[in-house]
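One chain, chain A, links the two complexes that follow: it is found with chain B in the first and with chain C in the second.
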Partner chain A sequence: MKEVRIHGRGGQGSVTAAELLAVAAFEDGKFSQAFPFFGVERRGAPVTAFARLSDKKIRLRSQIYEPDYVIVQDATLISAVDVTAGLKPDGIVIVNSEKSAEDVGLDAGIDVRTIDATGIALDIIGRPIVNTTLLGAFAGATGEIGIDSIKQSILARFPGKIGEVNVQAAEKAYKLMTSAKRKPSKKSRPRKNGTAYESHEKIPIGAIGKPGTSEVTRTGDWRVFYPEFDMDQCSRCGKCLESCPDAAIHKRELTGREATEALKRAEELEKAGKIKKAAAKKAHILYELDPMYCKGCGICANECPIQGIKMKLEEK
Partner chain B sequence: MQAKYDEQSIDLLASGHKACAGCGPALTIQAILRATGANVFVANATGCMEIISSQYPQSAWKVPWIHSLFENTAAVASGIEVALKALGRSEEGKVVVIAGDGGTVDIGMQAISGMLERGHNVCYICYDNEAYMNTGNQRSGSTPLDASTTTSPFGKRSFGNDRPKKNMPAIAAAHGISYVATSSVGYPRDLTKKVQKGISVSSPAYLQIHAPCNIGWGFDSAKTIEIARLAVETGLWMMYEIVNGELVNVMKVRNQQPVEEYLKLQKRFAHLFKMPGGDAQIKLIQELANNNLKKYTVETQKEAGEIQT
Partner chain C sequence: MIDIMEGSHAIALAVKAARPNVVAAYPITPQTHIVEDISQLIADGDLEAEYVKVESEHSAMSVCIGASATGARTYTATTSQGLALMHEVLFNAAGMRLPIVMTVANRALSAPLNIWNDHQDSISERDSGWIQIYVEDNTEASDLTIQAYKIAEDRRIQVPIMVCMDGYTLTHTYEPVELLDQDLVDDFLPPYAPTDYLSVDDPKTFGMFADPNYYTEFRYQNHRALEAAKTVIAEVSREFGEVFGRDHGGLIEEYRCDGAEYVLIAMGSVVGTLKDTVDDLREAGIRAGAIKLRSYRPFPVEDIRSALADVQAVGILDKNISLGYEGALSADVKSTLYRTNNTPEVFSFVAGLGGRDIPKGTFVKMFDWMREDKKISTSEFIDLRTEILEFQEV
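Right after this comes the complex of A and B.
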């Protein structure tokens, strides 16, 4: 039996990926299983899904603690979650990243394969939905499942045009992966319990966290796009700040020399006819993005009355 | 009138909460707390906003906060209010309920009725995202006509939810309370003003705030505010106050948009544009909007009198 653990973010289709994988294994004549880890996940939050593939009937129903393969749908998860927990010796970790295997931040002893699934998905599917692309990569890197079964599984779930582009993306990833070389790892990784608390007795009864402690969660790593502010043109209306569900836009007023310099620079731009007077007069007031928490929803860009905020693809 | 608020108090719902990107209800809470300031006691019903803000051991709230069940938030708030009174601490702040539409118009209904009838000094605020979104989009009494949800899916014999929205503000007003208002996350200044009015009365107040959910309704996360505004511009969501039992300050819709403009942006209504008979349903929704505009008019736009408490 081979066990696969998928780490993704809510909305990336981790659960769908596990199900597609299980269906593909079934097409290959295997027994299979797919299920998610149930939590309070919202779009963007770290999520986990599992799949088991076997030549025999699978009786095990537990979460997967010692996977043979790990798929990481978003490389930023590596700093937030122990993605290799319990990984078996000879296990393979497939990471969606444009970086090389050595640079994604996993220990040197692990067999890591990277693939720029986001790039492939944006190219072929037109949206940063990477789950099907990574299934192609899984088939290529592990040989556990034939690419044809993966294709069938995708087409059965997504008929028509959507299915076709997803298949193309999976095939591209498959080809890139089969041409890569394998470098086996020997050590198994320390296992970790699936839940945050080892014992329910350690959880205080009737507990509420301390005020504002949610700030330790850096929701900024959920985003795919980030807003870029054109502060030269900004009229300082404050609409962006009041339209941010995550309190990730802050107003700051410069003082002293900084303020004088900002105003002077703006005055010159105004004289050159490059910015409006209203903007120049308030050049010492800044609206700043807190990249730690911005989830990249894009409401601020949609609401900016002068279209001074542009959503740009985040580099990860 | 432009309401003023303290921009420094903006993060009373701290960053790092787990709401989806572009969350309308989370934006609503940011706006509510910006309007109330720090001197509030919040009783929060089960629902999305409770789950995303209080994942143990963290909390996003920077004001006194308690989580209750779906059904008893109004009762918990009533208890806090009388306890503060008994302890002589009523001056310390206003008791505010924040609950979703499921916890308000369905499950929490009888506790709310009791709270309003007993005259507790509590401001009850319902963020209305028109379904049970926490558990993945099941219909509530507040789900609009023809919206497809997991429990009212469209199909060969169904256009989705077969009932119009329950008129909860009217039910609240029927209790004879002095302040009832509706607002929308698409109009932050209006929202601020109404929340401030709601907490200024010393008897029960009821507010319902339209708060689009981009996941459940199926639209791009950037369009949360745009969709909320369109609901008002089409006449599908009315903004008004009921002061001392009298309908006042209805927000005028100067340039009514066809309901298609609102419906076509949302996946939950997408079937109406594809199914046979869908166009007749759209007409029906247009009628609902037109009737709203007719029903919620005051002959002369008069300023509301002093709120009697």
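Right after this comes the complex of A and C.
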């Protein structure tokens, strides 16, 4: 039996990846199993999904502590989660990153394969959904599943155009991976006993404690895209601020001399035909992004009535 | 001081003496007189408390939870379908460790529709994390209401509690009741002063999210609190006895169990009839005894083992049935006796369902059964009218 652990963030399709993997293995004539473990069910929060592939019926239902393979959908997780915990000797870790295997922050001696799945997905699919791309990479790197079965599995789940572009992305990753060199690791990684217990603080009677607050959750770490505001077009309607689920857009109003100068400058630009009148009249009002909390969901861009917000790929 | 009154009124007066801050209840027979009397006391200015009229029992318990979390002393009462409707919030009250006191005027559950007494309603909430104490008469019901606050609010446990009194048999029965002296109650039961409570100046969350890394530990802590409640219940009962001169016993009351060969265990008001039956049998030379089981949760494992150490046979009366198995009390007593020395023969009886009366003769039948060592099925229904039964034999 081979065991696969997939680390991703909510909304990145980790669970779907595990399911597609299990379906593909089944297409290959194997017994397989896929299941998720959800933490907080929230877009961007760390998620783990599991898959098992075997020649025999699988009865085991525990989570996977000693994986043969690990897929990391988001390289920013490496600093937050022990993604290689319990990895078997000769185990392979596939990381979505444009960096080289040496530079993703995993110990030397681990067989790391990197692939710029985000780049491939953006290029072919047009969205940074990397799960199918990584499945192609998995087939190429491990040889556990044929690429044809991966294709079938994707097309069965996503018929039509969406399935086709996802298949193309998977194939591209497959080809890139089969040409990658293998760097064998000698020993297994220390495993974690059961679920990871990060805190050993005493628990309160009656589960009474301080109320939770999004202030302590730096959702900015989850960002792949960031919104860019075109303030020359912006009418300051405030729809972006209202629609932001993480209150990461702040309104700031200049006063006194600062305001006078901003308005004066804007008036000149307006006369020169460089900015809109509505924008010029409210040039002293600014909308600013809080990078600590903007997770790049793109709701603001979607809501902006003048399409004045563009989502840009973050350089990491 | 002693006065004659309806059981429900005695409870209303006991609640008044406990000085609750918030009462929330929805009327349902046979609990109605209790909450009517309390609302009258509040309306007349005799009890200074907020009475919250709600649209269901689910809301009544929810109001008690919210009020209790702010540090208020709270009270509610219900029965049967009303208690069943509270089911999910009962677990919240227990998990948040809120010391709510509730009178359950025990009544059967539908279908078929039945408004009369048995214990199916509270027994069905056995696992909710509430203490359940069953009372024999209206003085005990009244006294226990005061004790209940002291038990529930004990910092060592912080667990909600049900005072289970038989519907009609106690709630609607006029009998003399020993009244509670307000000054003594005030000394015995100081105002509720929790360390954790909701306040806008110091926001807190109650019953917060616990993922698989934590949930088991919260449940374990809650379980240990219920176990520790055994000590607290006995302590509070003794202390009450010292102050008020009336001790209703701890987790169980043994009645003429010394040298008894045959002992019957029962809960609630029927225990009075059982004691009279035991007296009759003793007079006739039969070594009978009785155990009144007061605390059903926590279950008095040690007390039962020691009380039954030398008896030949024990019978258990269940005014409930776990359909497809047996009466709940029987199952618990049997598992308590597992691997004890000199384990007695165990006889499980189901009787008194949906208000079916239990006269002394019914108890005599049970003792006869035990004395003749008749083999019986898992739970023997006593006084079953076999002539009206219709069902398909398989």
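Following the convention adopted for this analysis, the second predicted complex is superposed on the first by the 216 of 316 C-alpha atoms of A that agree within 3 Å, B and C clash if a C-alpha of one lies under 4 Å from a C-alpha of the other, contacts with A are read in each partner's own complex, and residues count from 1 in each chain.
Here, contacts are C-beta pairs under 8 Å (C-beta built on N, C-alpha and C of every residue); 3 or more make two chains touch, one makes a residue touch a chain.
What you see is a predicted model; the values in this text were computed from it and never measured.
K.L.:
When both complexes are superposed, which of chain B and chain C contacts more residues belonging to chain A?
P.N.:
Between chain B and chain C, the winner on chain A residue contacts is B.
K.L.:
Check whether A:Gly140 is in contact with chain B, with chain C, with both or with neither, and answer first, second, both or neither.
P.N.:
neither
K.L.:
Could you say whether A:Lys251 touches chain B, chain C, both of them, or neither, answering first, second, both or neither?
P.N.:
first
K.L.:
Name the contact category of A:Gly296: first (chain B only), second (chain C only), both, or neither.
P.N.:
The first partner, chain B, only.
K.L.:
I'd like to know which partner A:Pro128 touches here: chain B for first, chain C for second, both or neither.
P.N.:
A:Pro128 contacts neither chain B nor chain C.
K.L.:
Contacts for A:Gly13 in the overlay, against chain B (first) and chain C (second): which applies, first, second, both or neither?
P.N.:
In the superposition, A:Gly13 contacts neither chain B nor chain C.
K.L.:
If you stack the two complexes on chain A, which partner ends up touching A:Gly209: first (chain B), second (chain C), both, or neither?
P.N.:
Both chain B and chain C are touched by A:Gly209.
K.L.:
Between chain B (first) and chain C (second), which does A:Trp222 come into contact with in this model arrangement: first, second, both, or neither?
P.N.:
first
K.L.:
Enumerate the residues of chain A that count as touching chain B in its complex and touching chain C in the other.
P.N.:
Comparing the two interfaces on chain A, one with chain B and one with chain C, the shared residues are 40, 203, 207-212.
K.L.:
Please give the residue numbers of chain A that touch chain B in the complex, ascending.
P.N.:
10-11, 40, 42-45, 203, 207-219, 222-223, 238, 241-248, 251, 290, 292-293, 295-299, 301-303, 311
K.L.:
Touching chain A in the complex: which residues of chain C?
P.N.:
Per the touch definition, chain C meets chain A at residues 95-98, 158, 196, 203-214, 217-218, 221, 225.
K.L.:
List the residues on chain A that touch chain C in their complex, please.
P.N.:
Residues 39-40, 195-198, 203-212.
K.L.:
Under the definition above, what is the set of chain B residues touching chain A in their complex?
P.N.:
Of all residues in chain B, those touching chain A are 7, 10-11, 13-24, 26-27, 30-31, 34, 51-63, 65-67, 188, 214-215, 220-226.
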